[in-house]
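Shared chain: chain A. Partners: chain B in the first complex, chain C in the second.
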Partner chain A sequence: MVDLLSGIQSTSAALNAERTRMDVISENIANAQSTRGTDGKPYQRKVVVFETALQQALDGTGQVATLKSARIQKESRPALMVYQPGHPHADARGFVAMPNISIHEEMADFIAASRTFEANLAIVRNAKAMALQTLAIGKK
Partner chain B sequence: MIDALFNSPNYLAAKKSLDAVALRSEAIAANIANLETPGYKRVDLSPSFRAELERACASGDPNQLASLRPALAADPSAVPTGRDGNTVNLEKEMMELNSNMLAHSLETQLVSGALLKLKLAITGKS
Partner chain C sequence: MSPLPAISHTLPAQGLLPRPEIVSPERMPFRTPGVDGPTIIGQPNEVAPGQAPSESFGNLLGRMVAEVNAKQNVAADAVHALQSGGNVSLHQAVIAMEEASISFQLMVEVRNKLLESYQELMRMQV
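Moving on, here comes the complex of A and B:
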């Protein structure tokens, strides 16, 4: 099938992936102080891993890589031990295991994600303008 | 008889360029989509297409022009900008996107112009 909006599959997959990434970043920030999760351990920082998938063009003109998925993985960063003897989750020596999350790192990541999102939106606008021009062929 | 009207080298060349521009927009979309994918190599129109188009235009042979097939290939000249091996540069892609957009306007106007001239010849009214 000829798509009127060329390249829109890879762009929509990318928009989806960036949205997932922003969701994960906000989850990380929200849980920056969570010392107990449902598994009884402190919250573990999550990262999004991007992977490409090759999309074979039907007319055999070549291969276009579309962004397949954004996998969410837990990072193996060790917990931050903070001395807080009065805390209910403190161990015998008075240390509390805190999630090792840096707000600055998350914010920088968030800005990168939203800029990439915008770049993909520019592609959508462009594809739309091109489709309208194509539809106007033969008209004055 | 009507085939001859659509076989002028200029019209065919504009059509093929339009195909190439549409394919190129797909390549740019894929490049921007993979802006942050580690190890991704940017794709673009294969450099041989331009040379083939020029050769076919110079020969003026409609069959040679009609047999042209634009194809995409990994861009060998692109160098990784970071340590993850990704060769996409956002600024460059946005420039390419805009120039591709202008090329698309040009080609659609050329094709439209050819069709409108044909209409004028048939109906006598513009």
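Moving on, here comes the complex of A and C:
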């Protein structure tokens, strides 16, 4: 059967991608003070890189660009050295390597991600409304 | 967590039945897999019993009913997987439910049209 909700494939992929982005942002915020990770180093900020992928239409007539979810990359930002001599992870000079995460930056990213999610949801809602209105043609 | 699986089964059905009085007689054959389409819609098939090859139209309708049924099953599976912690996200389940609902409504519209033309024929003066 033809897809009744047009363009829903790429929207669904975009919703997935935004969800991944929100997961990564919440991980960054949660680990903003983590001075030791599993590898023994301070937490490194992660960023999400979005990629598009071409999706072959079933009948082969056209190609639809789908947003494919994203790779998660570690950002190579140097750690922030904070002077805290009493900290258990302080080095010989009393400096602690903190993850270089700004909460404000993460919150701005989070707002952007949530607005993009909302925009994609609006597309879903409109596609559904269009399909229902089209079905209402036959009604008296 | 115990009442949730029961909810997950009722959810798609509730979303799909905007007019229960129309749909309820046909719902039972829908839920059972493996029922062929033409027997479900036996009454509308009497609309065109004449020389036209009703076989192909019946097959068409049967295939459509089977596809609607498949969409319903996909939606039910998605909701079930979501409730039981499977690898399905919330929007995927909701979109599957919406697709199932819209295809069901399309099928109901087709059935209404068939019944309407049948009744129109029955009202015809001879």
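Here is the rule we go by: the second predicted complex is superposed on the first by the 134 of 140 C-alpha atoms of A that agree within 3 Å, B and C clash if a C-alpha of one lies under 4 Å from a C-alpha of the other, contacts with A are read in each partner's own complex, and residues count from 1 in each chain.
Following the convention adopted for this analysis, a contact is a pair of C-beta atoms (placed from the backbone, for glycine too) under 8 Å apart; a residue touches a chain by one contact, two chains touch by 3 or more.
Keep in mind that what you see is a predicted model, and the values were worked out from it rather than measured.
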| item | value |
| --- | --- |
| Which of chain B and chain C A:95 touches, first, second, both or neither | neither |
| Partner chain(s) touched by A:128 [first = chain B, second = chain C, both, neither] | second |
| Partner contacting more residues of chain A (chain B vs chain C) | B |
| Touched partner set for A:52, first chain B, second chain C, both or neither | first |
| Contacts of A:116 with chain B and chain C, given as first, second, both or neither | first |
| Contacts of A:8 with chain B and chain C, given as first, second, both or neither | both |
| Which of chain B and chain C A:19 touches, first, second, both or neither | second |
| Those residues of chain A which chain B touches in one complex and chain C touches in the other | 8, 138-139 |
| Parts of chain A lying in touch with chain B, wherever the complex brings them together | 6-8, 10-11, 13-14, 50-52, 57, 61-67, 112, 116, 119-120, 122-123, 126-127, 129-130, 133-134, 136-140 |
| Residue ranges of chain A touching chain C (in the complex, touch as defined) | 1, 3-5, 8, 12, 15-16, 19, 121, 124, 128, 131-132, 135, 138-139 |
| Residues of chain B that touch chain A when the two form their complex | 22-23, 25-30, 32-38, 40, 43, 46, 69-73, 90, 93-94, 97, 101, 104-105, 108, 111-112, 115-116, 119 |
| Chain C residues touching chain A - in the complex, by the definition given at the top | 64, 67-68, 71, 89, 91-92, 95, 98-99, 102-103, 105-106, 109, 112-113 |
